[in-house]
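Down below are the structures I want you to see.
You will see chain A twice below: alongside chain B first, and alongside chain C after that.
On to the complex of A and B.
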């Protein structure tokens, strides 16, 4: 175990302690505040999922909202079937006579949970195979995923009989999990979401420090070189894309539970770009920082909008511009720099060649981008 | 009044920005009070001030605030002032859901006034129903909803079409071209229109749906030219409608021969279209700005005085305005100690009120009895009211579906 892995584990433990123990206590176990925070935590999962593909492997996925939306719709379809006896109401409005075949298996909760993870993973994987086999990289990955997102959202809006169109899926039943009916304003639901985030983060921390993660970082820095070492670059990229998509789907399922409806705006460009912003503010090189970024930005947004009803969008915009200008690596970058400076001062000129060489190099390549 | 009133939190937001706000417990505490037990009555105002639908929703926001200010200036209700708590849901359904939770759970509002689109209303419904709160929705909509927690102030299909369709057939002919945006509202209106046409011997020559926000109508206009229908029945909304009207005018199609009859075009859209291009076409609505009643004269005068002489009132902002007065009338029937959203709803049923459009009544199904009118747009951007329904028309949100009725017990299926 290297020291960075050790620091990350400590940070993970602290982070989990704060969200599982700290937050509910601070908020006095108030149902409304817990519900609001559960929403932020589910968004933290999609932000850390982006950090995995963007920060670790250098693949900027602007279509993250599409896979998030797939998870959201999978859960919403299940809950809609639970809420309606017979045909869901919006199908009647669209003159659909009988339950479409794709809806039928969503009667089952286990199928829904699997589909919420595997459908986004499969779709993400398919796009990834086409992109990475063709050795598409850099800004073109962003363009292709963004185009997919726009096309997918249009499709969802267009297929009203299947998806509820512009209004999305509303009037959902509460989820029943092993006989427990989920009350989204309860502490137990909050713990469920916090637990999911912790598991997702543990997975993310493990992945980034595994050999797999090391190769991904190598690909990020120089894909050609990694390929010459004999690694199948496209396969590594595809796998991380799938994992990231599945995590986004997971976040989408939780998000529907919190908000109690699914809307095509979950697959909107602005939502997808918001994920990128959270990730950038926190710091894309660390899944923990990306998750924290999502929580911080959303808390900030909530509080700002509470005080400045009309100006909050602009204030938030100013914050983002400042972050990009002065903290290009996000909050994580600031922390790493500070820690680095402290260590340097303490050593007082003594050289630790390996670490010294590694850190500035990373900073430089990231600045160039 | 543009800013939230409890600025006590203002100092705290800076701390949230500094680091994670997790370390600032004061921020996270919530206000706890029973409904309206304080010196004032908290009400939520939830219209988008930014984003895609802000142009229309801002006028609804203004009309709601105007009514609240008027009521407060006249001494409030039971001697208590209304305290509007304003939120900006930024035209985004998820933000609507979030802000509605804030208003209904944290701020303990006894009612929330909000929404223009159906999508945003449905985003607010889960928390409204679960908390048994009351949502005052001023917009015309597609019907087929029967919530016991929403006060529907706008028209449903039967109230806009029952007079309109026979009138249009009689004056222009039976061949209808249906054009609308591709979502549930136009589809439902067209479903109802088709059922009326089949009873009256009319026919649909073509039915067309364009995506929301669509702005190129050249192919639709070519088809209209080729089909030569007697009437264009339009349920195109917002920017799409502005583009459609302008291109229709530019194509030199004559409103005297092929008029556009719209359910959605109001003074706001006509202001954007321009009076010249809109002139000669028709809209069906319960209210037009030029309607001649003392209540409307006062409403328009106060609205212009408060928000500017160029501003227009329209059939949704009128409902946003009179719904606040319905709320006031309901509260006045209640004992100040027993104000809850459910009590307000029960007190509101059966209330009559002299609204700018005429005397409106709240049905037991929580929709509103209205006065349908047909107006013809003039080049000054105002509508001339040609026909006003002889009697107040009852709302039938399930009119197109036999055997289903919205009643005081919710939806009943025969």
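On to the complex of A and C.
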């Protein structure tokens, strides 16, 4: 266990203590506030999922919202079936006579939970195999995933009889988990989401410090050299893409539980780019920072958009441009730099020159061809 | 058969608009490797400038064109100086920064002009249709097609027949060595970015009579235009032109065979497959990196 792993574990412990113990106390266990915060936490999961593929492996996935939406729709389909006897109402409006075959297995909760993870993972995997076998990298990954996202959203809106089209899936039943009916405005539901985020983050921290994560970072720095070392680059990229997609699906399932409806806007280009913003503001190199970034931006949005209704997006745009220009590593990068400076000052600059040479030049990870 | 011809014309009309938008994007991307996601907002700015000129000054779409070009090019030049210039060594970050700029421009227009849709009169000179047998072509759309060819030829002449074009191509091929020969690459970049933005502005002016002018109008266009650039091949004008025609026609014909949405999905799927097998586009230019 090296020191970076150690710091990350401490940060993870602190982070989960804050969201599990600190936040509910701060909110005074108020149901409405906790529900709002649970929404931020589920968005934090999708942001950290992007950090895994973008920050660790250097694959900018602009289609993250598509896999998020798949998870969301899986959960919404289950809850919709629970809410309606027989045929869901919108199918009747679209002249669908019989429950479509895709919908039938979603009667079962365990199938739904599995599908919410595995369907996004499978779709992500297919796109990944398709791209990475051909050694597609850099900007082209962003373009292909973006085109896929646009096509997928159009498809979802088009298939009204299956998905509810533009309206999405509304009027959902509450989830019943092992006989416990989930009340989304309760503290216990908040703990469920907070627990999910903690597990996802623990997985993310483990992955980024494992040998697997090390190879991914090597790929990010120079895919060609990693290939010369004998690693199958495409396989590593595909696996991390699948994991990231599954986590996004998981976040989508929680998001539907919080908001109690599913809408095709979850698969919109602007939502997908918003995920990128959160991740970049927090710091894409660390899953914890990316999750914190999502929470910070969303809390600010919640607070400030009340004050400046129209000006909020303007502010978000300005902050984002400034972050990209002057803090390319996000808040995380600033913290790392400050800590590094403090350590250096304490040591009195004895072996600086030697150490600086050994520090990884993470700031330049974006230099892609 | 009439349906086919009319769809082909519709496709060509769409391709001509895509082409003008994509040309600016292609020149910016080809020269500096900057993916300008704010390009759609430049189109939107062009449309609003046209609206403002018509509403407050009383200029028609055609007389407004040069003014719109200059106005949007100026905005592009400022943005390049202030932000894009700092990001040349981080191409992937330009996607993010220019998207942030796009949000800002969109919001600025929404705050100052309002979110409701604006109406621009099409020029009276070009009203009416030209009919050849059963093929009905609106004169304005014919004009847009002709104008897009004019812009394409103009850009080509600029790149190949002027001193600035020679400098530009030198910087594309090798920035370091061109600087050794006294070419100010920063200046070349600024002018190129402004020119690309200006072209987007012209596209915005031209589409005002065809589309409704709203602050979000650019978002959908930029994705399409960007796909045209990638399919065409980096920095290739001929590539951008043929990709625009290909995508415009494919969308029009697919929409006729299936429906609008499915046609678009089919075209997007086709583009994804094309990029997968020809990541450098249909007409890759041979530059040394």
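List of remarks:
Assume the second predicted complex is superposed on the first by the 357 of 369 C-alpha atoms of A that agree within 3 Å, B and C clash if a C-alpha of one lies under 4 Å from a C-alpha of the other, contacts with A are read in each partner's own complex, and residues count from 1 in each chain.
What we mean here is this: contacts are C-beta pairs under 8 Å (C-beta built on N, C-alpha and C of every residue); 3 or more make two chains touch, one makes a residue touch a chain.
Because the structure is a prediction, the values reported are computed rather than measured.
By the document's definition of touching, of the two partners only chain C reaches A:144; chain B does not.
Contacts of A:292 after superposition on the shared chain: chain B is touched, whereas chain C is not. Once chain A of one complex is fitted onto chain A of the other, the partner contacts of A:313 extend to both chain B and chain C.
With both complexes placed on chain A, chain A has more residues touched by B than by the other of chain B and chain C. Look at A:9: by the touch rule set out above, it reaches neither chain B nor chain C.
Of the two partner chains, chain B is the only one that A:23 touches; chain C does not reach it. In the superposition on chain A, A:83 makes contact with neither chain B nor chain C. Once the two complexes are overlaid on the shared chain, A:99 sits clear of chain B and of chain C alike. Residue contacts after overlaying the shared chain place A:158 against chain B and chain C alike.
Overlap of the chain B and chain C contact sets on chain A: residues 154, 157-158, 270, 310, 313.
The part of chain C that touches chain A in the complex is made up of residues 35, 83, 86-87, 89-93, 95-97, 99-104, 106-108, 110-111, 219, 223, 226-227, 230, 261-262, 264-265, 268-269, 271-272, 275-277, 279, 289. In the complex of the two chains, the chain A residues touching chain C come out as 60, 130-131, 134, 136, 138-140, 142-144, 146-148, 150-151, 154-155, 157-158, 269-270, 273, 276-277, 280, 310-311, 313-314, 316-318, 320-321, 324-325, 328, 366-369.
On the chain A side of its complex with chain B, the touching residues are 18, 22-23, 26-28, 30-33, 35-36, 39, 89-90, 93-94, 154, 157-158, 160, 165-168, 170-172, 185, 259-261, 263, 265-266, 270, 292, 295-296, 299-300, 302-310, 312-313, 319. Residues 2-4, 7, 9-10, 12-13, 16-17, 20-22, 25, 27-30, 49-50, 86-88, 90, 92-94, 97-99, 101-102, 105-106, 118-119, 122-123, 125-127, 144, 182-184, 187-188, 191, 211-212 of chain B are the ones touching chain A in the complex.
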